[in-house]
Structure formats: C-alpha cells, structure tokens
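First chain written, first letter: the chains are A, B, C, D and E, and each begins at residue 1.
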Amino acid sequence: MNDRIREILSWYASENPGVRTNLARMLNHGRLGGTGKMVILPVDQGFEHGPARSFAPNPAGYDPRYHFQLAIEAGCNAYAAPLGFLEAGVSDYCGEVPLILKCNNHDILNDEKDPISAVTSGVSDALRLGCVAVGFTIYPASAERTEMYQQLRELTEEAKAAGLAVVVWSYPRGSSLSKEGETAIDVVTYAAQIAAQLGADIIKVKLPGAKVELAEAQKVYQKYEIPISTLAERVHHVIQSSFDGRRIVIFSGGAATEDEKFFEEVRAIRDGGGFGSIVGRNSFQRKKSDALKFLGTVMGIYEGSVK
Amino acid sequence: MNDRIREILSWYASENPGVRTNLARMLNHGRLGGTGKMVILPVDQGFEHGPARSFAPNPAGYDPRYHFQLAIEAGCNAYAAPLGFLEAGVSDYCGEVPLILKCNNHDILNDEKDPISAVTSGVSDALRLGCVAVGFTIYPASAERTEMYQQLRELTEEAKAAGLAVVVWSYPRGSSLSKEGETAIDVVTYAAQIAAQLGADIIKVKLPGAKVELAEAQKVYQKYEIPISTLAERVHHVIQSSFDGRRIVIFSGGAATEDEKFFEEVRAIRDGGGFGSIVGRNSFQRKKSDALKFLGTVMGIYEGSVK
Amino acid sequence: MNDRIREILSWYASENPGVRTNLARMLNHGRLGGTGKMVILPVDQGFEHGPARSFAPNPAGYDPRYHFQLAIEAGCNAYAAPLGFLEAGVSDYCGEVPLILKCNNHDILNDEKDPISAVTSGVSDALRLGCVAVGFTIYPASAERTEMYQQLRELTEEAKAAGLAVVVWSYPRGSSLSKEGETAIDVVTYAAQIAAQLGADIIKVKLPGAKVELAEAQKVYQKYEIPISTLAERVHHVIQSSFDGRRIVIFSGGAATEDEKFFEEVRAIRDGGGFGSIVGRNSFQRKKSDALKFLGTVMGIYEGSVK
Amino acid sequence: MNDRIREILSWYASENPGVRTNLARMLNHGRLGGTGKMVILPVDQGFEHGPARSFAPNPAGYDPRYHFQLAIEAGCNAYAAPLGFLEAGVSDYCGEVPLILKCNNHDILNDEKDPISAVTSGVSDALRLGCVAVGFTIYPASAERTEMYQQLRELTEEAKAAGLAVVVWSYPRGSSLSKEGETAIDVVTYAAQIAAQLGADIIKVKLPGAKVELAEAQKVYQKYEIPISTLAERVHHVIQSSFDGRRIVIFSGGAATEDEKFFEEVRAIRDGGGFGSIVGRNSFQRKKSDALKFLGTVMGIYEGSVK
Amino acid sequence: MNDRIREILSWYASENPGVRTNLARMLNHGRLGGTGKMVILPVDQGFEHGPARSFAPNPAGYDPRYHFQLAIEAGCNAYAAPLGFLEAGVSDYCGEVPLILKCNNHDILNDEKDPISAVTSGVSDALRLGCVAVGFTIYPASAERTEMYQQLRELTEEAKAAGLAVVVWSYPRGSSLSKEGETAIDVVTYAAQIAAQLGADIIKVKLPGAKVELAEAQKVYQKYEIPISTLAERVHHVIQSSFDGRRIVIFSGGAATEDEKFFEEVRAIRDGGGFGSIVGRNSFQRKKSDALKFLGTVMGIYEGSVK
C-alpha cells in the first residue's frame, strides 16, 4: 500500500479494519489503483429510468453480465448496481471487480414531488454477493428526507459492523427546490455535508452550478467572497465542505453529453481536488469498444497521462 | 434433467440450491415438464373480484379442491392460490402439483386509486403447506409502490433463505396511469425490469399493447426504432427487458375471451420467446372437460404439437 | 365424536390437532353439541355501543358474571367477549363454557367513515384465560381494511400455533358502501369469501338482503340467474361462497327485533344450510328467564325439535 | 386484611398475585387504608399545563420533593406523577407512599383537536422506581383513540406480567365532542366501560353532568328512565357501568374550585358508591398546611368522620 | 470531588452510578471543573444550517479536528457534535475532552412548519466513540412533538442503561407559535419543564424574552406577579421551572452577536442561577485565538474572575 492510500485511510481512523480494508480494495483496484482517484461504473438506470431508455442505445446492456465485463475491461475501481443486476451476473465474475450493492431504488412510474426510494436490498445481500460496499441514495430537500436519513443510519450501522464501506448518493430533490436549485453550489455542498455527517465513507454528488439557492446562504457567499465562478473552484468548495477534504467525494456527470465537454468536467474535478467520477450513461450507452476508449481518456486525465 | 432446464437454472447461479431445486420442480412438472415452458393455474379471483364473479360461471369452482384437481389433470406446472384456498384443499393432494402460495391479496370492496394489497400469508405458511414458491403482487405506478417493494424485499429474503422460489405479479396501476397505459409497452417492460431488479425468479406481466406511455420513453423508442408493432415483437421486447432473457417471464391472458384469440396470443408469446402463460379465468370458468381441452391446446402450442 | 362432527373437522385437515380439538370443543358443547349447529352468545356491545344502550334494558347485564351464567344455562356452544368482560368473570366459571376472546374492538365515540377496530387483546390473554378461540372483526370496504387483514393474519398465525381456533366477524363497512350495501348479497358473500381466504375457522356474517351492490357483480347474478330471492337461498349462497360449505359460517341477527321474525330468520339459516347463529342483543337484553326461553326456541329450530 | 379489602380483591381474581398485592398496598395505605376508599394525589400538571400555571400559586410545588411530602403527610393512598418528577424525588422517600408512574403525557404547546399523549415512560421505569402501578391516559372520542387503546394494551400486558396494577385516566376528548359533551353522563359512562373492557384495574373519570350527548343513547335513557338528575345518581350510574361495581372507579374534581362545592361533590361520590377522589390542583396549589386540612376533610367525608 | 459537585450529583440520586460518573466527568472537566458551571462547545451547524453558513467565517472549522482542538484549548466542559464530525476527529483526541454525541439532526433544505429531526446516531455509536453523553433535540409546539418525545424516551432508556448522561435541546417551534413566541418566557419554561419530566440530565434552552405567549399562562403571571422583567429574573424562573433548580440547565446564546452583549447575557445567566452556556457560532466562527479569548471571558464570568 502506498503513502497516498495510507493517508486517505488515515481519515477513516474511526472505522473498523473491515471497513478500511474494503475502502483499500476499491482504492487499489483497476487502472487508477493506488492513485487515490476512482472511477466507478454505476448501472441502476434500468430501475430508475426504465429498460429501453437505459439500454436501447447499446442493447448489449440489457444483459446483466455486460456491465461486469465493461467494468473489468475498463479497469474501474468498482461496479455498483441493484440487487437483481448483481445477482444475475456475479457468479461469472467473482472477485474480478469490487462490487457496490445499491440498496435503495426509485422508479418514475409514479413521479412524486417529494421522492423517496424503496429499500430493495441490504447488508446480508451484500455479504452473500461478495460486495465491498453498500450504496444508498438520499434526497435532501424532499419532505421524506427524515425517513431516508434514518434508513441510511440503520443501513450504515449494520454495514459497518459487517466491515462494508458505505457509499451515499446525495441528490437534493423535492418540492421546495427548483430544478436549477438541485445543483446550486450551496445546495450541493450542503448535500455533501449531510452525507458526511451521516457517516458516509464515499460521497457522490452532482457537479454544482454557480447558482446560490438559499437566501441565507447567499449572504455568506457574498460577504466572504467564496470563489465559485469556475467549476474547479466549485469542486474545491464541495471537497472543503466534506470535512475539509477528509472524505472521498466523487462526482457524477449526469446525462450523456458531448465527450469533450465531459472531459473538461473531469479536468475540473481533478483540478478542484475531487476524487473521481461515477460514469453511468456516458459509458454503457455506447459500444463497448467506444466505452473503453472513453473511460480510458477519463482515467488518463485522473492519472495524469492525458491532459 | 435435460440441457434446456440446466441452461435455465444456470441463470439463477446466485440462488441457493434450495431455490434452484424448487424452480426445477416447476420446470420439470406436468405436460410441459422439461420444455422450459410453463402453464400455471392461478385462482385468487375469489379474493380479488369476489366469489360470484369468479365461480358462478362454473360453480364447481366454489370448492377449493376443484382447482387442485384441474391443475393436476391438465398437467399444469404449478397451482397458485391464497392461503385459505390452499389450506382448504392441500391435504388431499400433497405432492401432486407444485404449489405457489399467493402471499398478498387485494379486494375491490374499496377500490382506491393507488392500490396496495394486504399481506395475507408468508413463508412459514408456504413451508407448512408444502409449497415450492411464494407469489406476490406489486403495482408499480401506485403511490404505494415503495411500501410494496419493501414488503416484497422482506418476503424474498425470507423465502429464498428457506429455499422457496419467488414469483412476482408486476401490474402497473395507479393514479398516474391511464387504463390503456397499464399495458403500454414501455410500462410493461419497465414493470418486468423492476421485478427482475427486485430479485424475482419468475415474473408475471400482462401482454403489452403497442402504445408507448411515457414521453421520455417515446423518444427512445422512436430514435432506436425498437420493433413493437406485432405482439410477438412486444413479447420479445419484454423478455429482452428482463435481463436479456435470463429470467423466466410468463404472461397473463386477462379476462375471458374467445378461445381462438387466446390461442393467437399464446402463439405470439411462444414466437416472441416468452416462457409461458398463467391462465386463470379462461380455464376455471368453464366446465372441467372444456377446460382440459382448452389447456391442452395451450400446452400443445407451447410444446409444438399444436400449431 | 359423531360422524357429523368428524366430517366437519375433516374440512380443517390443514389445521394442527390443537385447533381441531378446540373446534370440536365448541361443536360438542351445550344443547346443540354434536349436531354440527352452533349458537354463540357474544357480548361486546358495552364497548361497541356503550353501556346504557347495551345493558339498561336488562340491568343484570352490567355484571360481567351474568353473561357467563346465561351462556351456561342456555347451553350455548360458546361465549364471546372482550378482555375486560372475560377477565372479570372467568374465575367463577372455569371450564363451564367454551370462551372466545374478542381481540379487537371499536367504539362509536368517534364514528369515522372508514372504521378500524383497536387491537385490545391477544393470544397470550386467550391462553391465560382458558379460551378455545380468538375472535376478530374485519370491515371489508373500509379504506383501513388492508391494515385489518394484516392484523388478522398476525393474530391467526400466532393463535393457530397455540392451538386456538380463529373466529372472524366480517362486516363490510366504509365510505364506499351505502348502508343498504353493507348487507347486499354480493357484498356479504364477498366478505365471507375474504374471511375464508384469510384462514378463518369460523366465519360470522350478517344476514344478507336481496340487493346486489356492485355493477360488475350484478351482471353475473343476472347472467347466471343465481337464486337470491328468498332468505334461505341467500344463506345457501353465502355458504357456497365460503368454500362450498367447507367452512363453518354463522349469522348474526342484528338489532333486537320481534321474536317471531327472528325465528323465521333462524329457520331460513337452517334451511339454507347455515351452521347457526350468534345472538347478542336479542338474548341478553331481556330477563334471563325470557332469554332462556328465547334461546331454547332458537336451538330447538336448529336441532329440529321446534319447527 | 379486612373483609372489605378481601371483597374488592375478589373482583380481580383473574389478576396474578403480584397485581393483587399492589392493589392491596394502595387500598391499605394511608388514612383511608382498609376502608375501600382512596384519595390519590396526582401531579402531572407541570407537563400537561406548564410549570407556572401549575406551581405559581404555591411555589413550593416547583420542587419535586414537595409532592411526596404532601402525599405522605396527608395520608394519601398513592402519589402519581410523570417520570421526571418521580425520579427527582423518589430516593428520599423510598417505600413511604405507593407510587403510580404516569406513563404518557400531553402538553398544550400544540393543542390539536384530536389529542394523543406521548408515551414517556414504561414498566421498566416503574419497576426500578419502586412503583405499585402504572398510569395511562386515553382520550376516547379522539380520532387517535385506536392508537392509544393499543398502546395501553401493550403497557397493560407488560405491567401486569410484572405484577404492577394499571390505572387508566379515561377522558373523552376530540373533534366529534362538544366541550360539554366531554362530561355528558352517557359519554363518561362509556369512557368508564371502555377502560374496564381494556383491563384497567383502577379507572379515573371526570364527574359527569346531566347532559346526554349521543342521540342513540338518549333514546335509551328516556325509555328506561335511568335516574341521572342528581350527582350521586350519576356517580352510581358510572359505577354500574364499570362492571356493576366490580372495578375501582375514582373521580377527579377538575379545576380548583370553592372548597365547599368540592366537599359536596365528594359527598355525592360517597353516596353514589364511588371509590374515591384523585385530587390534584385543589391540593398542591395551596399552602401545605391548608392542603392538609383540605385533604383531611375530604378523607373525613369518605371515612364517615366528617359529614 | 468537591461539595458543590457532590450536591449537584445528589439531585440525580435515581440515576445509576454510570450516569452520575459521566455527569461528574463533565462537571469536573476543563477550566470550570468543580465550579458547578459548564461551558459546552456544540458544532452541529454544518448539518443544521449548511457548511458555508457555518464555516466560511472561519474556514479552519471545515476540518472536524479543529473543534476538538478548540474545545480542548479553551477548557470547555464538553464538545457536542453529530456522528460524522465526531467520527472524523475523535481518534486523534481520545479522552482529551468529554464528548456528547448529538443523536438527531435537522437540515433546512426543506424547512417545514412543524419540524422533526432525523435520528442519525445512537447509543452504540456513543459508546464506541467514547462519549459521556448523548444529545437530542425536541421541538415542543411542533405537531410532530409526540414522535420526538417518544424517540427521546427510547434513547434515554437505552443511554442511561449504558451509563450515558442525556442532554436535551428543548426548542419550541411549530405552526402554532409565532417566532417571538418561541422564546416567550412561559414557552421556554414550559419547554424546560417538559425536558425535565422526560428525564433529561442536562437541559439546554434558549434565553427567554419577557413576552408571555399563552393566554391561560398570562393570567397566572399577572395574578401571582411572577418577576420576569430582567433577564436574570427570567433565567431564575427557568431554573425554578426545572425542578426548582435540581436539574442542570444551560443556555444558548443563539446567533453571533456583539461580544459585550453576549457577556451581559452570561452575567444574567450567572446571576439568575443558571448553570452555564452552550456556545457555538460565537466561538467557532472567529479565529481560534479570538475564540479562546472570548471563551476565556465567558468562563471568567462564570468562575468569578471576570466581572
């Protein structure tokens, strides 16, 4: 284990050796192993958006085994998916890539204003499937957030006792936020802070915009002239807001977009001190050869081999 | 055990031997045993629609023993019913047909917009009654779906630990869907995907229509020109959406209809790669001799002896 | 044990010997013991309607011991009451009459549109008080019915494991039913079917009227010309709807009424194949000597000694 | 133990010896010990109405120890209070007065139409504090009453298993009752009946007025000419409605009032066959010397030494 | 242990030795150790108000380790924070300052009218992190208060059984209170009383204003001429309302304000018999050297070395 990984693990000194071992497994796996950076492949869109919207662009993705193969060949640090997808493929790939069991899920067949995901799996599933971590989504700003925080607390307590790391997707959504407000810089940093305070080992947030949503926060951003004009500055502010850089925070790119724009965002994450990316639709919604090339560029930017 | 059954079981490699044994029991039972196709007799209409609507057309069906006899004589792969119906007949037919205990039920004496079924039995009941599987209905699109998914998750965890297979009826219903939308192709495939992600071993959906309900989905169906004009194509798309054919999906015919129309649907299921039918009202709401003939034709289509 | 009782018990072959023993205790007790008919004394009106409305007509009934004495002297098959009434009298009458602990209760101090009873006692109470069965009310058609079905399921599971029989009061009530609809023939038979499917050993329903409430049901009653014009025909249809006569179904007479009218109803229950009556207000709201005479006539009709 | 106490205990023959022992401890304690009458000091007003409204009239009452001293010096049968008040004083007075732990409480900082109290302590607390009983308030007529009855049932089951007696405050309140209706004679007797049916050992109700609230009840009161014109008659009717006098029922005097009026009420309780009083604000909201004199008169009326 | 600490501990004679030991650890720690006064550093604002609003004024505070250092160097009696903040720093400071785990938290991304905090950690966390106490916020006046009281009761029961002290933040908030009403004298004293009755060992309230909110209370304040015109008088009244001074009550200063005004408030707390301050934003939102000076003055006022 190199010094950078030792340093990162030192931030988790309150965790038991089991949790730190599983964090190390992710940090030391794949092409970015040992760099302290991470690229994770998440595939929960079949549940979250429906199968055709997720897999029609690259029908190979209907097969649960495809995503294991993609994550392995691309050298991702981990692969995250719901119960069904992991169960339907894991037996062919035991031990080939660290797995994160996504333990709650939300569909859009009834798209309520204040969403809450259903708890769809848990620690015993993660253990029997050989996972290194559990994943959980919270929607701060939803009227249902109290319930979600408490579900996460229960999952976290049980997961860590079993030596599993906890990865939290913290996505502000709800009736009291505008669409743009969901990625406002003060809202994203608040979401990261909440996840950190709830005990998340790895935090996943969306890339923040320059908007400040809350009036009380706006006063502070102006008074203290917090720099948030560039994306790298905003990433830096997110990292700062996550215990001053002492928690692993990774960013999602969101909807499929132009490659070069995506790479620019990755550079901003890197320059702002972010720990990496979680890349779903931009990777599995193109042919595998294209995806491997795409992910190769992303990882190259993080490891410094690509500008 | 023949190669086709071995192949099907290979998709369930994450399940323990108990679950795979019970899947094999269903796949190898009855006239279609060993073909990889299934015809299941379900009789929960007494609870779901009331006794007269269910049994007046063929009053022999008021007697719980009748349906055991029908399933056995017709050579069905399994018989599914609620607690009371199984309890009131099983002692006379122990081991003669694989049984599925339907563990939740809904009546229409108070027909709410966003339905949820009551949990009416569970794993301990299934075990003491000699069942091979538990059955559970979810209504994706209902505002109550989160609760149902979580109930299913608990049942699934307990059932599989006891070696029971899990059969999920996935029927989109709720205030946000039109009646026609309940069988829209994007909605039915989404419902199948959700059931698969939740860990269903066998998925039961309704035959889909050609409508696409959700605007975001419609864009994808058009852009990628997903073929959905024939029923067989739509069945194929459902199968694809259920882990690319690696989960058993069977179809319900719905309300009683003309026989020839029903057989046409069975042919489409067969041609689209579906795994079989679950035939309730079309079988038990006619005289037993007629029902045996009718089911014989259905099975004949699946096994290839009838065109 | 005579053949009729053996036959009745054979319908309950799925139950453990403890439950069948307690069913036999009721069937073999009192004046109607061994006939396969039952008359049960229920006294939960103090809770359900208030004390003065219940006991002012015959103030002896304020004393919990009175009802034990009445049930014993009349030769009833069983006496059913809430926790407090049983606790306050049982010590003086241990083993003299089979007891049914009514485990949920409802008052009318806040008479909501969609009622649910409170769970007021349970299996451990029934066991320590020497009861043979637990009783539970469900209100199909109430928006709260899902919760009630699930409470009943839990009680049933626990009760049967302890060898107690389960008696279900199935009374359709709720915002979606008219007052007359509560005793419509399709609604009462539906309520009986639901109780049977939920695992009830003994089902108690109200005597049905000739109205058909639900439009979908009405089509079936007309198409198949189900005979429901006489009370005896309707009783027969209820029995048919309760697993074709393979579950014990008894009827309540409702509010106090003229004796001769009541006896006519008893004859219809007998002629329609019903298993007996549960007689509350008509028995305990008159002097004991009158009540004994009244109940004697009822039992006489059932045993055939009175026309 | 004298014959009257033996007689009272005989009504509780279903209770285990532990419960009967604790009932005896209260009945045999203090100035009224052995008379079968009780005067209990309750001090939960700090929680229910706020501290200044409760204790400003006699600031000594801010100190939790004061009320122990008052109950002991006055010779009350028992002292009842919430967790905090008992915890903060009990160590100085172990065994000097029977204690009732009031296990739920309600404040008026948010005074809802359909109240429910919070469960604030339980059986393990009562046992470690040396109590003889638990106390619990229900609000029949509140839309939340079902939940309260079920909470009481759980508490009762646990308490009696531990040998503790159960004291129920049964106060009808809720959106469907007028203020005057809360003390209507039919409503108060109904509330007493419900408490008795729920298994209360001691029932506390408010003194009833002559109004009859419910239309259905009114018919009965008129038809049977139930005497309710004097307070003593109404007390008698409450006692009758509580299992014909076979449950201990005590009455609260309500808000502080003129002493002579209060003594008149006590005489009516005595003459109507009531078992005693629970005297809160009228005792602790005056100087201790005055309170001792006041309570002395009340006890004198019950024991017959004062007219 | 000196006599004052012994005296304070004597008020907690009902607590087990474990709880009293942990109370003693706080009372005997830091600069005010042994004085019977306390100054506690709480840092939950990252969760409650968001990271920038909390830490931008002094960015060193983004780092969880900073607050441990501040509390230690300032000689605070204890440091209180949510799970994440304690976990991320405790390993470097084991045993250097008594820790209070704040077990519930609330954010303002969805700021509802009747708030309830999410339970975010518990007793097992407090124990594994070496804490001396758990902290919990209740919002009396919220429509959700019943749930909060019951959550607190469960936490308290478990915490005290494990020897942990219980610190309750009692902040009236909710739809039925005006903003000014939240700190009305009758409301704050009521909130303190509720916390005390619920079993709090240490109570934290806001400094009260001179307003009386509730009409019924106003009558009492006027009739008994309760002195509430000066802040010291109001503090005295809060202490009186918390079991006549037999519970430790500390006060929060609220939002950052001018230093001299803050010191005046501290003097009023001291003069009114308050037990100390909980100082968050006024301490960690300035440079550490300034904060140490500021806290030094506060402590000096309490210990008498500063006027």
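One rule holds in what follows: contacts are C-beta pairs under 8 Å (C-beta built on N, C-alpha and C of every residue); 3 or more make two chains touch, one makes a residue touch a chain.
All figures in this text were calculated on a predicted structure; none of them were measured in a lab.
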Classification of the chain A:chain E interface as same or different, half of numbers criterion:
different
Through what angle, between 0 and 180°, must chain B be rotated so its C-alpha atoms fit those of chain C, rounded to a multiple of 5?
70
Determine the centre-to-centre distance between chain C and chain D, using the mean Cα coordinates as centres, and give it in whole Å.
36
Once you find the CA centre of chain C and the CA centre of chain E, what distance in Å lies between them?
58
Residues of chain E that touch two or more other chains sit at none
Examine which chains touch each other and state the graph shape they make (line, ring, star, complete, other).
ring
From chain A via chain B, the ring reads A, B, C, D, E
Flag every residue of chain E that touches chain A in the complex, lowest number first.
46-47, 49-53, 55-57, 59, 62-64, 82-88, 90-92, 105, 107-112, 116-122, 124-125, 129
Would you tell me which residues of chain C are touching chain B in their complex?
11, 13-15, 114, 140-143, 145-146, 149-150, 153, 157, 172, 174-177, 186-187, 189-194, 196-200, 214, 216-217, 220-221, 223-224, 226, 237, 240-241, 243-244, 246-247
